[in-house]
């Protein structure tokens, strides 16, 4: 049977590398193009771990060339660049999975507020499927454009969704304290991302103003069926990959135990291949290099605490993209992911 | 002028090493003994960084020998061992600075509850000075026994004290989310502390049941002048040293700004040589290897957030001990610390 | 078609974990037992990353039980323990792949000299196949017992083999300077393997006396067809996994260039699926998590320099074991490895 | 007594930060200026660890302004920029310690060959003192310009100098295999220095062509009293700071033992305050944050092996600079360094 031909837009970064690694294992995928605006080297020169595995050149492809070549694009372009490139491809029948934030928020105004730029494809907002299969699987199956979730949102939404869905917690008193590895910063040469700036150090950043905040609030509100707000504090942690998110929320009813919460989570995600509800406190290394999410919970004083871990590059980015791809192209959902 | 002669009890661990490094720089200190129950090697064989700097042997010393030899002990013994060793020394006029938790809590019952052992020196509890100079300087000057604070408590109490002291926040709704380097685990050969268990991973542990919880609550309540409780979640972070503590508390009054909180902190600690209130988000590397504490604050939604960083081995242990020592022996407080 | 049933002996360490991860991806393998002498927990409790993936208990199995249950054992037991367990299994028709050093050296005397213990199964030595497929593929296909190579030897033999095979370098003047991640130390709770002992530090150890020295010399001599000696210096590097080996050897002929050596390597390994000869200087991260080996060469002054990188846990241990397994059971050699 | 007033040229990098930390502890130094061509922020904004300790602004100062303000400059400028700035200052009586490579090599031709640029101050080359006090103390005392040694050269020259000085090893068969922390790369925002490029990975670079090669050869030849060549292979190691250098050399006489070499080293450096000859294999962490050098030796086969460790930022840069400063201004050599 023929393979699905894919092109990766913006293939010089870390998420693209992880995506390529996963797709090379996918028996039904053929990578037919990798793009870069400026870099013309072999993709294996940009990512030496691909030496001998994918030695095709980076190209700067027109929309026509992309359309003529493939069935699906994975866009690892930066925000606004993605929403400039994708509409034309969709119009020609190419499906798209977008890693950027362009299609995650549900209104151009919200986008403009948080990203300080007008949205290049405003009419589509409000109708794009959020590519978190555990919550929106059927819609993903039916879509031709999935907005791949942000890494922090994935780590925060998954533990909180069962709590808000069951109306168990107060909607305006949710604290999310996240700790992310450095790969979340991307692969651009910035002072803040230097080894000696990040190593042997942890710091908070974008406290209360991180762009993943509206994304988390939007999806949690959507699941809750009512307006919900969060306080979100990201921390930069000295490790390549992984996010651990600790959430603190206030139960609406008294007397809940750790086991109550764990049971609720277990039932909610009973059939999910990538979600494991565990009794112990998970570490990011438990899911490193995988598409799995490990979640546990505790009750302390008047608070429910959840702790979740993901690999920000896999379930937080490229693994989720492949999971969405599998759903959109009717392959078994776990293909190339276990 | 003659020097103050000190003995370090339990000198094979990381805090003892840091203490020795600091004391070697102290112009008024002579290290006249380092003890170990079992190890008889040179202390420089146990800590190779001391090669050529302190080549004296570890000894197992009786109380009499300690008393005859020194003016002050630093006890790096484990809990209960410390409170067994110290009373006899105090009785003979030796001053003591205790790194263990033995003299931090104010009642034997509380100690027994949290440490699951009877306290060896119960009568003294309730009267021992808590060695946090920024809050209890005068008492430290006058004492012959200082309970050196825990590392997490130092990082949490210092940002919160001004808030509770000024009655600015709700006393029963304080969340403390701390991230510590691995040296906080000590130097014993445990599976959990292996390089490959800790590296490239972050995890929560002892959620809601960490033994530093009652210590934080006791001191915060003391400063507040009323009962105060906290939810405390420690995380193990892949770095040797450093603690970053993020606190979330609820203001009692509306409309507070980040600058209000920072100003309050700045005034509260205006004369403190080791506390720096900063406008940016500090990183643990900013204070690594030093006795400094950097603190900032933010206001997000209905919450005050504080972020503080210390070196857990210095301000969180050995530096604080030297600071206490300086006060107890009437040396300039910053000697050997800047 | 039925699967090959395997038992893993000694399944609590890091190599066993990596092995399990690989075998879970192998479409023709069923893991029917994991053993431990003392631990009776689920293997997923010992290795939390296996939660939900392999939740079978560790067992202490007799030889009879092992034989009745499986077709093949992977022995991750320590040296001498392996050679005590394996003979009885071989006698009953179970094939074995041994991770320990027990079957690598070719004489009991050599074993006793380097390991300071008598060999438990001395008669077999000299006839066991060394499980490095790139050099001994046909023998591995035909054997029922493969001695899985040491991690350092794999990293050193592969770049040197083409040079000694072609008689290009002096046989008594080979220097091997290796840098290994900490996982090579295993998962036992030793002071030297603590995070704070290894992190932010590099050190040499076992200089000139490391037990992998005779293994390297034996295989290199075997390939060369004459006695060859090496000077081997291992270094402990602050990273979980990876070995980079730098070798210095003296060419027998003048005027060789970097490209000459690279070409020689390329021809020698032209058909090898896991060996990539590269022009740039490879980093251990290029092969992390994979069974690949990247090798390059340089000529500086009167020396040939080779630089090779492997993942010590995969090509240096568990990946090589699966590669051997595939050959011994007539599966495609790369199954579960790409 | 009045203090020595110093200006730091190019104060935004890592070596400048370390230098400032050391100088803040120096009782006889007043930092009267820190320069940057473009950055006008407070130096404590560029280096947050200096918050509250040195809150002076970066300035772009003319030579006249520098001369009018200070007695000594530490130049952390890049190569060629240093040699453009320094001559005018020297002419006006300001002493200088140069961190760049500009004044290390002894001829303009050599400089041009290795740095591909003409030297801006060619006439001085050949007469500048190499600032390695252990070998050139008296000359440093008498000079007004010291070329601060490179980090790799310091780590390689110190163990080799006693061997070549005593004519113990072959002069054309010296291999130097060095492993450096990432801070050696400096603080510029380059892709290769990103956290995720360096972490969990080791790699060789500039094999046989590193610019520190001629510096090592020049000083070793100088000490040997005859032409000497080396093969030098640097490796980038995932840690902030530290260099471990392993050297392999061929003894001219048979039968030497490890103890012979160690004894030779011990006698050679008997009176050196910062050199410790140790019997064990030292780790870079043993000297982290200090100006010490730990060296040991071994004899394996027909080779002498030396292993040395330094902190590349202290003894390999800023500590050495302060040591030179102390000598040039007649302060006790160890001031601010122990």
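Going by the order they are written in, the chains are A, B, C and D; count residues from 1 in each one.
Please note the rule applied: contacts are C-beta pairs under 8 Å (C-beta built on N, C-alpha and C of every residue); 3 or more make two chains touch, one makes a residue touch a chain.
Since the structure is predicted, the reported quantities are computational estimates derived from the model, not experimental observations.
More C-beta pairs in contact connect the chains of A-B than those of the other pair, out of A-C and A-B.
Set against the C-alpha centre of chain D, every other chain centre is closer than that of A. Between the CA-based centres of chain A and chain D the separation comes to 45 Å, rounded to the whole angstrom.
Centre-to-centre spacing of chain A and chain C amounts to 36 Å, using the average Cα coordinate of each chain. Chain A and chain B have Cα centroids separated by 39 Å.
Chain C has residues 197, 199-200, 238-240, 282-283, 285-286, 288 in contact with two or more other chains. Across the interface of their complex, chain B is touched by residues 14, 182-183, 185, 187, 189-191, 193-200, 238-240 of chain C.
Those residues of chain C that touch chain A in the shared complex are 24-25, 45, 48-49, 51-52, 200, 276, 278, 280, 282-283, 285-290, 292, 294, 338. Within the complex, the chain D residues that touch chain C are 172-173, 175, 177, 179, 181, 197, 199-205, 207-208, 229, 231, 233, 235, 237-242, 244, 246, 248, 281-286, 288, 298-303, 305, 307, 309.
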